[in-house]
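Here it is, the structure, as structure tokens.
Here the chain labels run A, B, C and D in written order, and each chain numbers its own residues starting at 1.
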Amino acid sequence: MSNLLVIPFLLPMLVGAVLIFFAKQHRLQRIIAGTAGIALFVYAAFLVYIVYQTKEKMIILEVGNWDAPFGIVLVGDMLSVLMVLMSSLVGLVCLFYAFKTIHSEREKYYFYSFFFFLLTGVNGAFLTGDLFNLFVFFEVTLISSYVLIANGGKKIQLRESFKYVVMNMVASAFFLVGAAYLYATTGTLNMADLGNRVATMDQQGVLNVIAIIFLFVFGAKGALFPLYFWLPKSYYGPPAVITALFGALLTKVGLYSLIRTFTLIFNQQPQFTHSIILLLAGLTMIFGVFGALSKFDIKQIIIYQIISQVGFMIMGLGVFSTSALAGSVYYITHDMIVKVALFFIVGIIIRVTGTGDIRKMSGLLKTHPMLGWLFFIAAMSLVGIPPLSGFFGKFALVVGGLDQGQYLIVAVALIVSLLNLFSMLRIFMNVFWGEKNSTTVALTNKQTFPLLRPVIPLIVLTIALGLGAEPAFQYVIGAAEQLMNPEHYINVILP
Amino acid sequence: MSFLHIAIIAPFLFALIIPFFYKKISSVHTGWFVLVLPTVLFVYLLTFIPTIADGEVVTHLLSWVPSLGINFNIHLDGLALLFALLITGIGVLVVLYSVFYLDKDKESLHNFYFYLMMFMGAMLGVVLSGNLMVLYVFWELTSLSSALLIGYWYERKKSRYGALKSMLITVSGGFAMLAGFSLLYVMTGTFTITEIIAQVDVVTSSSLFIPTMLLVLFGAFTKSAQFPFHIWLPDAMEAPTPVSAYLHSATMVKAGIYLVARLSPVFSGSSEWFWLVSGFGLFTLLWGSFNAVRQTDLKSILAYSTISQLGMIMSMLGVGSAAAFYGYKAGFTAATVAAVFHLINHSTFKGSLFMVAGIVDHETGTRDIRKLGGLMTFMPITFTISIIGAFSMAGVYPFNGFLSKEMFLESMLHATDITSFNMQSLGVLFPVIAWVASVFTFVYSMILVFKTFRGNYQPEELEKKPHEAPVGMLIPPIILASLVVLFGFFPNILSHTIIEPAVKAIYPVSLTGVEHFDIHIKAWHGFNFPPLYMTISIIAVGVLMYLTLTKWQKIYAFLRLHKKDPINYFYDGIVNRIAPIAKKITKVPETGLLRDYLAYMYVFFIVLVGYTLFHFGGFAIDTNNVAEIPIYAWVLVAIIALSAILVPFITNRVIAIIATSFVGFLVALLFVMFRAPDLALTQLLVETVTTALFLLCFYHLPELRKEKTKPVFKWTNLFISIGVGALVTTMALSSLALGNKKPFESIADYFLKNSHDLGGGDNVVNVILVDFRGMDTMFEILVLGIAGLGIVSLIKLKMNGKEDL
Amino acid sequence: MEILIAVLIGVLFSVATYLLLTKSLLRVVLGTVLLSHGAHLLILTMGGLGLGSAPLLGEEASKYSDPLPQALILTAIVISFGMTALLLVLTYRTYKAHQTDDLDQLRGRLDE
Amino acid sequence: MKNNISVHTITRIAVFIILSFAVFLLFAGHNNPGGGFIGALMTASAIVLLYISFDLQTIKKVLSFYFPYLIGTGLLIAMGTGISSMFFGYPFLTQFFDHAHIPILGNVELTTALVFDLGVYIVVVGVTLLIITTIAEDDS
């Protein structure tokens, strides 16, 4: 029993609620939000430490003092607290970037409240051990995202967020459908209990179908092929910080849920279910990178990179072995860092040049070297050039895939990585190399420094996670072992 | 951590402080500071020669990512030392040369030396690593730093083109290599090279042996510019000349050679290895030399020449691999000895030639041999150096190139001795190709010297009045040229100190049992020595062909080789076409239509769920446990269904809204019927408020129109809709049927039992909401709260062009 | 009874899907409303429809209907109420900003 | 209709009845059908009724709450009940109840769940009214 687990979503909710009262006071709002962001991050780091110290490497909380599986149980295992740590980190840097970039008009209309409510939903989704409660946290996340994505009222924003909302509402409806089916077949909603009961049921036909329904639901949230088509344009409209937040967090919630359910509950016939995941992973990578190559708008390209990377992150689950899953978990961690950094940088580039079209930019390295090199490192990390963090994730996936004889997906992953390299180099060479052209520079090099402040720790982190990959890997391998041995999870929750 | 680790890391650390030197001490050329490091490292490495010559191997272990088997182990043997000395030694000369080549006021030197040091560290890492993954890490860093160096003058379009090309090609090879190394890891459970070699049997007996070999070779061939991956090297000549001298002749391009040599013990027992390595090598040799002759740019000639020479070394390693088959007799190991020797020689003469090309460029402003000529009188020293370099390259006595060329020819003649791999018949090709390629080599070597330094002086074509280069710029090529001469006369100063340990690293004692290779290089073998006649004929035919150059050069136009290397058409074709193709592919699904996105989603749902349902035979109906249907239920359900079905047909917005609400109210009635009073009340109230909202928005909402859809769409929509509904129903029934057989209780009973005593309430639903599952409710109201605030901000927040980022 | 309601749910899902696939903003919104009705009914049905009395312990019945799905649906209803309200406002803002309710014309340019 | 006195009077009475019923539903929820959400919607419908017979300005004058604050307050109350149990060493959101004898009212059940439900009630009232008034204002 440990109330430690409620803080990661209770704190942001509290802050979000409190900030409703101070919506018009910019300074106070920022002070509260900034302090809370730091506190949340520090706390999340502490939580990871605590969980790592325990014998079970896992802590749980039976909310309301009701025994599992009857009440709602919160579970902090190695994966979920890591995800909480990462989302808090993303939240923190986004917050400080938002201070510098968000217009005060937007702040007046509860921007920071929505921001923290989004974090509430995300952290809650990572920590809950109850399927229906997961649905509720999904909805918290989603409705915050609807508001954040549509706010501002640009034409493209309204148009695309309508599609975004409808797509997600349909997926949510099917979440309920899946949960209902599971309740009918097993009579429970607690995920550990579900894992337990599903494992002892002999008829797997219906359960496989339910698994596929959840694949469909979480796939739509996690932007898997062919369920991601709404994403590129709807992420394009809002300000950079929101795109960064979404790119780093929203798809991850879907992927996390996919990993959780398909290791804990739907692990009975991996040769069927996980092969489908693998197929989708490959197609997602390919279509994502083709999308990135087809665009010349820098923000669009990075948005498509979200999709392409989703394929990598889910590949480990499809391969379904400890080392591959460790690769996936590491990759998710890495991707959250790099994606945010890239979107921040892209935001600055667009601000500096006044355009998003890479064909119209040129020679920025001369005037903005810092920006250029930060972009370069982030891009190389994304592609998987060693010794940056992206490499180790990719490497673990490759070894894991080959080890399980999944040669085709490894080949696809490597070819896609090459295409990723091409797409990132194309940006670098167009934007930063070349002759300085006549486009007006809205921000001088010096003026970009305050904007770059949140980027630098992220870049340092991607380097550190690469050079110091060992502790990180000890951790993610531990997390993957927990995922591959759900009995432990079940035993802790249902003694 | 040992000094050798520090030696690898030092250049990286050094790279980081270079920008400070550049900024703080601007009066002194940054290169002078940089020069210190390679010098120290070179001297330090020299001290290992005695140890290594004694047959020892220096190893240091340092764990890095042991969870993944990646450890930063140093493995310094003869092969590694040879490369490390080349890297640091030539590094010293190149840095010195660059001090004079790059203007300290005009160039961004901090960038240049940053890249260069990064490259040097990476290269040292490649050759000193005892762990394949660490080797790979540094390998990719060489690709990266090399691309940055090629793009150093990034304002130029050609530099960017060259940088992209080299990056894409070498990294593609890198990725293949990553897969190959990982396969080795999967087979043997280790990345440590010596441990893999100890498990050769495991590797060779694996079904993945051939794919692994292909992947590793793909990496090696791309890096070492073997045909057809050689095309990046000529374009890499956009880099500043010191870079070309360093990376593109002496060090980086030899990383592939290094890898092939390093992994020879693992792969070389197979015929595939033999054929691939020697075959690609020989063809590259021929292709490179043949194409070098048609080039008009000094550096392009040198680039193709490098390609050709790399092919030559590669082919020798291939032929040498036959030794693994036949018990490591001198006759078979000779090719490998020649390979190692030529590797050294090539670095000396090619390095000096690149520097000469740089001097010519620097002093005249052009590298085009059509504009150059008659420079001998202006720059006699440079001319002398180039004579030495070019004649060594052409294989003329008494330079070192002559010796290794002769050894090469001899080993090619011995190719027919190999009794398997069909070599008795096909083996004849080896010396023939070698001879032809050597003739072309002779020709382009002559072009290089004589078109530049002899012939007519054309001052009107040159930007500057040529004169001899500054001393500092001359010292490095002079040193290299002296080595050319030195090794030519006293080749055996290398044989036991450097060459033998290197050969022993390629043929490890553990596999061969051979303790000692007898290496003695001599210039004169007597008259009964066929390579001698081959050399003489090469020179004779070469001279003839050089003199008649204009007569037969039309052949390039005839073969359509005069414009660009035909392999470039493939590369350019792919790179230029990939964006349009990607655009076409992306356009198809992303129509921007919500209808289409939803349709994909639903089709995905129907196909997968439907397939799974019928494949696993999950469908079932259980009528045992179902409730009876009273007559009013039939009526109610029929009305709900009918009013729902009507909604799509209504073209009046008010009626459509009301019909939908009607369905909602009837659902509330259903809830009453199913004994769910709270639910019924809630549904009733929510429906009321929702309807009120719809009507409030009434004036803002569009009028409905009749749908104008193509019949095809209409029918697919209908099909999809019915499919979704049918599947949901089917699954509902199947779930219920399965649930009836479940061997455990539903958790619901707990709530009924404990609600009163533990929850303190009799309305079980409410107790669940506020107590048992209070968390759900807490966040449900949060959702509602966000919706409320969201609506406010949606309506009221108007940015009016006030842009935030 | 379960079979009958299951069929009704199927009908609701079909109609909702059909509406979602149309091109009119308003019809799509109505589709989401019907979709949530279907989903809620499904949850109830999946708890079994055996007619016990309402789960009010004060009534002292021998058999009660399953309270858990009811609680879940209550939560789901509230959530979908919030979603619907937000979507409604988003719809009319979209409609006003673009002066069209035809999703065909709300594709956005293909190359942006 | 807006200035019709008899309509106003009837509305007032109706609103009073509905509001009383709403409060009853809120408190009865733990043992009988009802609860915070239902009570809140009832309250909101009463106010909507007011809106229909009077105009928006009047309503705003009568209900001088700033609705977003209502939402914040409700959320804080709901969270508060959950957090308070943590201070006593119980898991988050543990609810307590006791039966107390209060003069006049007799044996009354006191539960923390009711406070929680009150939070729900306030949020839902706040949201519903906020939505309705905001949309209505956008009309003009």
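One rule holds for everything that comes next: a contact is a pair of C-beta atoms (placed from the backbone, for glycine too) under 8 Å apart; a residue touches a chain by one contact, two chains touch by 3 or more.
The shown structure was predicted, so the numbers you read here are calculated from the model rather than taken from an experiment.
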| item | value |
| --- | --- |
| Set of chains adjacent to chain A and to chain B | C, D |
| Nearest-to-centre chain - CA centroid comparison | A |
| Between the pairs B-D and A-D, the one where more C-beta pairs touch | B-D |
| Rounded Å distance between chain B and chain D, as computed from the means of their C-alpha atoms | 64 |
| Cα-centroid distance, chain A relative to chain D, in whole angstrom | 38 |
| Chain centre separation in whole Å, for chain D relative to chain C (CA means) | 25 |
| Centre-to-centre distance between chain C and chain A (centres being mean Cα positions), rounded to whole Å | 28 |
| For chain C, residues contacting two or more additional chains | 20, 25, 28, 38, 40, 42, 45-48, 54, 56, 58, 68, 72, 74-75, 78-79, 82-83, 85-86, 89-91, 93, 106, 108 |
| Contacts with two or more other chains, residues of chain A listed in rising order | 13, 17, 20, 63-64, 110, 132, 136, 139, 143, 146-147, 150, 153, 162, 166, 170, 174, 177, 180-181, 183-184, 189, 233 |
| Multi-partner residues of chain B (each touching 2 or more other chains) | 587, 590, 592, 594, 598, 677-678, 682, 686, 689, 693, 697, 700, 728, 732, 735-736, 739, 746-748, 751, 762-763, 769, 771-777, 780-792, 794-796 |
| Arrangement of touching chains [line / ring / star / complete / other] | complete |
| Interfacial residue positions of chain C with respect to chain B in the complex | 1-15, 17-28, 30, 33-34, 37-38, 40-42, 44-58, 64-68, 70-75, 77-79, 81-86, 88-93, 95-96, 100-101, 103-104, 106-108, 110 |
| Interfacial residue positions of chain D with respect to chain C in the complex | 31-33, 37, 124, 127, 131, 135 |
| Chain B residues touching chain C - in the complex, by the definition given at the top | 587, 590-595, 598-599, 602, 621, 623, 625-629, 633-634, 637, 640-641, 644-645, 647-648, 653, 656-657, 660, 663-664, 667, 670-671, 674-679, 682-683, 686, 689-690, 693-694, 697, 700-702, 704-705, 707, 709, 717-718, 720-722, 724-726, 728-729, 732-733, 735-736, 739, 746-748, 751-752, 755-756, 762-765, 768-769, 772-773, 776-777, 780-781, 783-784, 786-788, 790-791, 794-795 |
| Chain C partner contacts - residues on chain A that touch it in the complex | 132, 135-136, 139, 143, 146-147, 150, 153, 155-156, 158-162, 165-166, 169-170, 172-174, 176-177, 179-181, 183-184, 189, 233, 236, 297 |
| In the complex, chain A residues that touch chain D | 1, 3, 6, 10, 13-14, 17-18, 20-21, 23, 61-65, 110 |
